[in-house]
Amino acid sequence: MAPADPLVVEPTRREDARSGREWRPPVRRSGLLKTAGKWTTHRLLMAVLVIVFVFPFVVMVTSAFKNTGDIFHSPPRLLPSEWTWDNFTGAFHQIPVFRYLGNTLFISTMTVIGTVLTCPLVAYSLSKLQWRGRSALLAIVLATMMLPTQVTMIPIYLMWNALHGANTYWPLITPAFFGTPFLIFMIRQFLINVPDELIQAARMDGASELRVYWSIVLPLARPALATAAVFQFVWTWTDFLNPLIYLNDSSKYTLSIGLYAFFGQHDVAWGPLMAACVMFTLPALLIFIFGQRYFVGGISTGALK
Amino acid sequence: MTTLPFTRRRRRRRSELYKGLAFASPFLIGFTVFVAYPILASARYSFTDFNLFQAPHGVGFDNYRAMLTDDRFLKSLANTLYLTVIGVPLSIIIGLGGAHILNLPVRGRPLFRALVYLPTIVPVVVGGYLWRWLLNAQYGFVDRVLELLHVPTPLWLEDPNWTKPAIIMMSLWTVGGTMIIYLAALQEVPVELHEAAEIDGAGIWARFRYITWPTLTPVTLFQIIVTIIAFLQIFTQPYLLTQTRLNSSSGGPDDSMLSYTMYLFQNAFVFLKMGYASAMAWILFLITLAITALLLLSSKKWVHYGSR
Amino acid sequence: MKMQAFSRSRSVAVLAGAAVLSLALASCSGSTNTASSGGKTTISFSYLWGGPEGAAAEKIISEFNSSQSKIVVKGVSNPDMQKQLASMSSSSGSFDVSDNFGNNVGTWASKGVLAPLDDLLKTAGADTSDFVPSAMNQMKYKGKIYALPIAVHTMQLVYNKKLLQAAGVTPPKTTDELATAIAKLTKVDASGNITQLGLGNPDQSTSLTTLGYAFGGTWDGSSTTAPTPTPAEPGNVAALKFWQDNITNKYGPAKVTKFTAGWGQYMSPQDPFYTGKVAMVIEGEWQAVSIPKNAPKLQWGVAPIPVANSSLDGTTQLTASTLFIPANSQHKAEAATFLKYMTDKQAMLEFTKALGNLPARTSLLADPTYAAIPHMSAWLESLKSPNVKSLASAPYSAQYSTDLASAFDSVSRGTAAPQQAMDKVANQAKSYPMK
């Protein structure tokens, strides 16, 4: 049961209290001109909004295909005079794209596994179990969401150093196996809306809590888990600070730090840099296109309740 | 529900407690190791002089005292507060306004909503370099567009007065997330109230103020808190915008882009003053707590729960 | 229920498969950590160089590896200076040899980051007698050696012959002549925008500290064995005032910034000096290799740095590229053997020639290989001057350079007066670690 696509919103159906028939608000007859004016204003506003937000993408893509002369043309021209793949081949030569891709994919997959394993466990304890510390735990989870990362950054770094974890992937993967507050909260909100009857029935039948969780709740929670997986994947995929702090060998770099190191080494090689940006954005873009409803649904669920 | 004898209820309650703790154990362990212990350790380090290579030795309140006379500390704090005070209201207003626009009955709406949301999932590193290119004083497109509109073109990343507006602009590019949240919230606003008000002759602004806004106040509270926290710890955007060759640390022209957490990072990993950096981290923590508490307290005055 | 269980285990299998696949992809890299296997010891050499310079380093590495059978050196390019420091903080060590610059030695040695080399070098049989003396001073902390110089660099005034000829200017010898030259070589168009700048600053800190020396100033006091930060020396302030008067305030900070914002990548074919946007720069000897490669048509010349008075003739700033062993290396003896190899005459000659750097051994200065590189002799000669200056390598140096960089920035933008900016640094210097 996939969540409805929140970007497509249907107006709530209203019913007449007495007859039960659908009630539609009375249509006001405005003049043709007024309707046309409104229609144009709406389109204009929408167009301006979208153009402003999409423009940077257009610049990124067109710059990636420009030759040096076009890039350093003053005043800047939007479209290339000739489209060239040079920047892409240049970037490929200077950044080991496939290695960084593999590294990033590995870390992202591992954190998704960690999230999907642990977040529902905690969310379950916050929603379907009645126990004394429940509201305290909820408060702690919410409070942790508000914590600035820098407060804990240094001691955690020192801890990993002492454990010989620096320059490995452990610091990047392990935290995901202990739950992420926002995702725990989001799954919890989802679970609250899951009816209790199935669960109560299974408990009556003598199933252990773990059994109930594994066989009944988890399958029902699949949409929420899918959402959490998508979120976690994109977060890890685009993470900058953690790989920056922990990864020292360039062979271990993720795409974020690979791009960062590329810039640091070559300063303002704009053409290849834009090409590398395009390559780095593509996977996130694909995930977004296919997982769109999960993103938007997840945010709305988490934020509204 | 059947009533059980007292001891059995007690035992049942205790077994529920164990079950609850068991299921919550990953988070509890993680919290202790990755949150509680580091916060306390951070406090301890803030009272020491610690350079990572040699054992820490205690210096009492020296680190905190040094902050008051450290120009760059005060500058980083001022920069961050500027970004927060200007960035948060703008984010909320644009997010809300954008949500209204995205709510207009225009064909192809889902596509437009997706396009506006897209910048939020673009890797932040990509966004950083993209905006650096857009804001280039000679070859950047932002100035080109301003030129075409006959508006004066600032030097952005090279001009200390315009670097922070540049950072805000870059942050606002990802305000699509806020828009989507407000969009979902707008669907909860009772339509019949709007219709009734329109019939009574209320204008667009009055309708917003008395009908839409009260329903949106809980979401707004959440958004304000989340956005303030995000701006207080802003790191990646200014860090990337000030990046120089070989990644040697920089704060931008006149240190105008030095955010609080950037300076924290510099102290920790470049100057190897871990004690001082820990002290900075604690001050940030306290500021965040204070602001959140203030907002939650004040929320009683302006937030209406229960829209229906 | 059964269907759900099946699809659930299928999705688990998919996830597991994806994890394994990506693990396989990621582990194609192979380990760069140190290891001991069989009779050979593998050590890791992490260097800041990249591109063609990195390739030159790799060549030396493979020569070393084939010259003996006890030690295998694995080289890796890691051009991030901040990460380099972080790597050395873990207890197990990520690399055994690395490179950096001379003025960081004091800061790092005082913090216990570097391994002391005296005994290690003696065991390895290294000859440290003929290193350039001012470079060697930077390598020492409390009398002990903590790094070896592999190459040294000096600054000279590099100029565009054609642009100077067109403006009727001869290479300036004094700072007054420099001021006149800048005025004649800076061109402004009708709308007040700069189209050509007389003196550029590829590296602001280096340019301004060198100018400070040229005006008779000094940045670390007068004693080489007990340096103290002296930013507000009259010569330093005079140099900054020179910069502000002749460039920043003369043409307007906004115009200058606008011009520099549009410059192409340093040392690429779009470099502002190579493309004639800048007429003169204070640059190092690596340009002798870079210009023929990136701008073969450029007609250029090299002249000594203009000085304030004749007693300062031949002033130049010397910096050194160093090789060091981090304190947390597990294979210090083997690392020292490699260090000896790389700083021996043969390897040093080959490496510095490829990079276009000056050798750190005085015995190599007369080698004809360098003379073959156009204009390199100018930099070689500059090493012989008695007025070769270098920034101290002291415990406070890292923070001092950062504070100076901030101050230089505000001076060159016209937001602070030179004396004011330097007094501020002097104030900040009061809290510097001195030992």
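When the chains are written out, they are named A, B and C in that same order, and each has its own residue count from 1.
The working rule: a residue touches a chain if its C-beta (ideal position, glycine included) is under 8 Å from a C-beta of that chain, and two chains touch if they have at least 3 such contacts.
Being a predicted model, the structure only gives us computed values, none of them experimental.
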Furthest chain, CA centroid comparison against subunit B: C
Chain pair, A-B or A-C, that carries the greater number of C-beta contacts: A-B
Centroid distance [mean C-alpha coordinates] between subunit C and subunit B, Å: 37
Centre distance in Å when subunit A and subunit B are each reduced to the mean of their C-alpha atoms: 16
Rounded Å distance, subunit A centre to subunit C centre (Cα mean): 40
Residues of subunit C touching at least two other chains: 79-80, 83, 86, 89, 262, 266
Contacts with two or more other chains, residues of subunit B listed in rising order: 52, 138-139, 245-247, 269
Where subunit A touches two or more other chains, by residue: 72, 74, 245, 261, 264-265, 267
Subunit C residues touching subunit B - in the complex, by the definition given at the top: 48, 79-83, 85-86, 88-89, 111-113, 254, 257-258, 260-262, 266, 327, 398-399, 402, 405-406, 409-410, 413, 415, 424, 428, 431
List of subunit C residues in touch with subunit A within their complex: 1, 4-5, 8, 15, 18-19, 22-23, 25-26, 28-30, 32, 46, 50-51, 76-80, 83-84, 86-87, 89-92, 94, 262, 264-266, 268, 270
Touching residues (chain side subunit A, partner subunit B) in the complex: 5-9, 11-12, 14, 25-26, 42-43, 45-46, 49-50, 53-57, 59-60, 63, 71-76, 78, 118, 121-122, 124-126, 129-134, 137, 140-141, 144, 146-159, 175, 177-179, 184, 209, 213, 234, 237-238, 240-241, 245, 255-256, 259-261, 263-265, 267, 270, 273-274, 277, 280-281, 284-285, 287-288, 292, 295-296, 299-300, 303-304
Of subunit A, residues touching subunit C in the complex: 68, 72, 74, 98-99, 101-103, 105-106, 109-110, 112-113, 116, 161-162, 164, 166-167, 215, 218-219, 245, 247-252, 261, 264-269
Parts of subunit B lying in touch with subunit C, wherever the complex brings them together: 51-54, 66, 71-72, 136-139, 155, 157-160, 245-251, 253-255, 266, 269-272
